[in-house]
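Each structure below appears as structure tokens.
Same chain, two partners: subunit A is paired with subunit B first, then with subunit C.
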Partner chain A sequence: MGERRSATFYALAAFFGLYVLFLYGPMFGIFVLSFQGPDGGLTFPMNGVSLVWFEKLFQGGGIVDLGAAFWRSLALGVVVMLLTVAISVSAGLAFRTRFWGAGALFYITIASLIVPSIITSLGIGLEFRLLDDLVKNHGPDWLAEDHTTWMGLFTSGLGAHLTWTLPFGLLIMFAIFNRFNPAYEEAARDLGATPFQTFRHVVWPIILPSVIGIGLFGFTLSWDEIARSSQAIGEVNTLPLELQGLTTTVTKPDIYALGTSISAVSFLVIFASLFGIRLLQRRRAAR
Partner chain B sequence: MKLASNTTARLQALPLALVLAVFFLLPLAMVIMVSVWDYNEYEMIPAWSGRGYSDSFEGCLAQLPELCTILRTYAETVKLCALVWLLTLLIGFTVAYFLAFHIKSRTLQIALSLLCTIPFWTSNVIRMIAWIPMLGRNGVVNQALQALHITKAPVEWLLFSEFSVVLALVHLFSLFMMVPIFNSMMRIDRALIEAAYDAGASGFQTLRDIIIPLCKPGIVIGSIFVITIVMGDFITVGVMGGQQIASAGKIIEVRVNALQFPAAAANAVILLGVTMMIIVGLSRLVDIRKEL
Partner chain C sequence: MATPAPLELIAVTKRYRATLAVDAIDLRIPAGTYCCLLGPSGCGKTSTLRMIAGHEIASEGDILLGAANITTLPPAARGTAMMFQSYALFPHLSVRDNVAFALKMRGIDKATRHRRAGELLELVAMSAYADRLPAQLSGGQQQRVALARALITEPQILLLDEPLSALDPFLRVRMRAELKRLQRELGISFIHVTHGQEEAMALADLVVLMNAGRIEQQGSPREMFNRPRTAFAARFMGGHNVLRRADQQIAVRTDHIRIAPTHALRARVTELEYQGTWLQANLALPDGETLIATLTEQQFDAAPFGAGDEVGIAWDDDAAHPLV
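Coming up: the complex of A and B.
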């Protein structure tokens, strides 16, 4: 203490404050506006306070069935989250030893992250179109007759989301194991634990907080994904795609009510995850 | 023993390899293959043709020295990209510098970093829509400008313009620049900075000669993120540009909507080529894997 804060500190602190305001200000603006009165418009000032726009939203009857899109996105998000955790942890363990193709796999994973989403999405869309044509024209009769498309939420859509979430998952696993002390595992091994026991009782509890982080990335990235889904989702849309479609047509605050609802789910997941991570760290510190 | 653990590792990596093979590598191969197919008004035809490319560059030679549509669009996109890159770099670096060197308490550091990270986990479209009540004709900014008698009529270029596109892109993606730079800064040995201070270096000299060079990996990684996202973007440009502004990513979307898949694929190959050149250029400067 007693260290005098310099002028630079205050200038930077002010900059940081403005940045945080820039990040959150507009978002809180629409959260507030979604509670507009029945006669309220898209901008301030508030014209009364009501829940009218939320009621409209959840009654359905709009241009699109947002309720159905909500559950579709939620289901997809949960599946993406579980697969991201399982596949990333497994691959993370693999990368601790050298294996044939490790370098190539690493660079392909990074490439999947940085190749523009529209290209990956277009590619998956083309892949499924060509596959469908193949089945229709050359597949066995029992299959070809009724075949329309295999493109869908849990086929091409799921795959598209995984190409986005898995690189984040793997990078987090790298960050974990770069800081991981192998002495714990050696101790377990010396005490006669099998590799599975070592993983279950030593490695897993240590990495668990970060694994929750991978789950958080898996769900939220999928829940908000648009670019990769756009050409690869098939006939039914996810919630963010419906929302994007609405931006050009809607002139009433129900779009804000939808935005507030989607954000509420995001915030719920974020805070549940952060709380879970904190709880695990506390418990560990107490031991 | 060595061999056994190698087999285990390969099995553990297999699911990742399979997902990426089916949903990333194969689709990329499809894009390249379809880009040299022929097409008519409603379907693609599996026969070799350079039409996807030649249609995209139609009139480019004839119009010289004027730029044709695709070159003008790419020039616009590169300009947009450079502007967003510069702004995210300045903001990301400043914020990371404040958090890394001016916040001494570890708990506060984590809390403030989280504060910056949380919006990243929420929907991009919502963060775009959020600018409508701010920048619209009757939005907060225009109301303030008129109340202060700075302008008489509402300013129109605030929303659905290049300005709002750049603003939204910086808003959405400055975190991608901040996090890797912050990560690099946290690895700088604090003794180096004290040594510089003891040797009489000014704050600015320390920044220029020690901190910035040691942050180079973070800056490069952040730049790769921001540049690849902005180069391929069509959603932010679409929503914030009122669907009126062209971009490299948007060409692809338009072609797909017109069911001209080979032309869309050809444009995807061109975009991939341009982005790859930028990334290869940047990644020469740093080994990504060592920086995690």
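Coming up: the complex of A and C.
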């Protein structure tokens, strides 16, 4: 106590302060500017305060239908979240035992993180174009006749997002099962639980808080994904893609309102999950 | 509780790839025995326990419980129950639900399984903690809950994997008395894996000392301590000097070494430690061999000496046990 901090401390603290400002300053600026008055522009100073840009946003009627894009992204995010959880948990369980090709499978999964996103996206787009050509030229008549493309939100788009979320999900599962004491499962087996009962009554409840975290990760990664979606999404766009399109054409603060709304959803999901985990822990402690 | 039954291991072997963990051991544990599997780490005692429990399957040999051959049965179908080293209480379930777990898995209704769990918690004096979570219990309390959880399956044999190693020394002594009392009351066999010879001697009716996958020696604690068969047994059971005399190794208990200025065999005192009721003298013989003598305070006071002194030592002929 009472020990004087060295000059290094203050220098580093100032540097850290700058870093935080750099990290969150832009976001904060956009939050503020999204409440720009009706006559305000894209930059400071604020010309009054209003919710008029949010109103415009949700009325639609702009160049693109942002409301529809919002719901599309939300739906995709939820599907990605559920699939990421289901596949990561299954894979995490599978990787606890050694199986043939485990190493190769792991590296292939992780490699998806290393390959540049735009390349992955181009590849998926190319793959689907090849597939479409194949169906059109060589498929059975009933299929080939009306076929245009299989590329879409829940085919190529979903795949592109999963290449992004699954490696994270799997790595988190590895961390979870690294800490997981296998004696719990042996004890359950000793007490007569079947493998399914062991999972249902012992493993799942213990890993549940971490699994919620994976779901959260899956959703937020999908929610603001651009690079992997760009070439693989098909004809309709996700919200971030619409937003990116707008940045070149829009000159009004409604784009800021959109940014604020997207961030709000992300925060909402995070806090809802944290609240869910807390509730779960509370319920456990209460029993 | 189920009727106690004897357990028999016949040429039981466990191999993990190239390594031989348990090497064709034969062992018979009569019904209602407190048996300690004792040995250094890696001696095969835990593998043996896990093969009896069914968490490992024997590579070769047979395990018989009563008249039944249980070698390849699943753990819950054997009539054994296991208490794990760190207890492995399910962290998300209350004490009551932990104890009732086996009954829930069998589909027994809530009222019945809670009543049975209540009875078992009564047995281990943990009724007051039924609604707590494992994390809210002390180590000793967790052990009692783990005992209750294992015993609710009415096993013929309870298997305990280093049950006291997670406790502090004071609690260890108390819990070991409780284990012994519980085993006596239930009348079933307990098989208890430990690396502490003191623990084994305090608890066991039958001590099975293992070394390198084989049974080195087995017997009652007194037999084990007073008639060690090998140098390993003498060293592991403690309280012995292993000395080379002519072409043979012998074991002499440290408290059977007599010290007096008049004895012919000369030794130098390298260290003298006061331990309260007794003293320990580390001695070096002229040929470089070292040995330990323990003597009571009374014996010491009759002929005191100090570190660095030269003394004479001797032991009775019948105190020297030849080792194989």
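We adopt the following convention: the second predicted complex is superposed on the first by the 260 of 287 C-alpha atoms of A that agree within 3 Å, B and C clash if a C-alpha of one lies under 4 Å from a C-alpha of the other, contacts with A are read in each partner's own complex, and residues count from 1 in each chain.
Convention: a residue touches a chain if its C-beta (ideal position, glycine included) is under 8 Å from a C-beta of that chain, and two chains touch if they have at least 3 such contacts.
A quick note: this is a predicted structure, and the numbers were derived from the prediction, not measured.
In this superposed model built on subunit A, subunit B and subunit C occupy separate space and fit side by side. By the touch criterion stated above, A:Gly192 is placed in contact with subunit C alone, subunit B being left untouched.
Of the two partner chains placed around the shared chain by superposition, subunit B is the only one that A:Leu130 touches, whereas subunit C remains out of contact. In the overlay built on the shared chain, the residue A:Tyr184 is in contact with subunit C alone; subunit B does not reach it.
Of the two partner chains placed by superposition, only subunit C is touched by A:Ile206; subunit B is not.
More residues of subunit A are touched by B (comparison of subunit B with subunit C).
Once the two complexes are overlaid on the shared chain, A:Phe267 sits against subunit B while remaining clear of subunit C. Look at A:Leu216: by the touch rule set out above, it reaches subunit B but stays clear of subunit C.
Put simply, if you stand at the Cα centre of subunit A and look at the Cα centres of subunit B and subunit C, the angle between them is 90 degrees to the nearest 10.
Legend: residue contacts after superposition of the two complexes on their common chain; A:Ala86 is shown touching subunit B, with no touch to subunit C. Once both complexes are placed on a shared chain A, the shortest Cα to Cα gap between subunit B and subunit C comes to 9 Å. Those residues of subunit A that touch subunit B in the shared complex are 8-9, 12-13, 15-16, 19-20, 22-27, 29-30, 33, 41-44, 86-88, 90-91, 93-102, 105-106, 108-112, 114-120, 122-127, 129-130, 156, 159-160, 162-163, 166, 170-171, 174-175, 178, 195, 216-217, 220, 223-224, 226-227, 230-231, 240, 243-244, 247-248, 255-256, 259, 262-263, 266-267, 269-270, 274. Those residues of subunit B that touch subunit A in the complex are listed here as 5-6, 8-13, 15-17, 19-20, 22-31, 34, 91, 94-95, 97-99, 102, 112, 114-116, 118-119, 121-134, 136, 138-140, 143, 171, 174, 203, 224-225, 228-229, 231-235, 239, 243, 249, 252-253, 256, 261, 264-265, 268, 271-272, 275, 279, 288-289, 292.
Those residues of subunit C that touch subunit A in the shared complex are 53-55, 74-76, 81-82, 84-86, 88, 90-92, 94, 97, 101-102, 104-106, 131, 133, 149-150, 153. If you check the complex, the residues on subunit A that touch subunit C are 181, 183-184, 186-194, 197, 201-202, 205-206, 284-285, 287.
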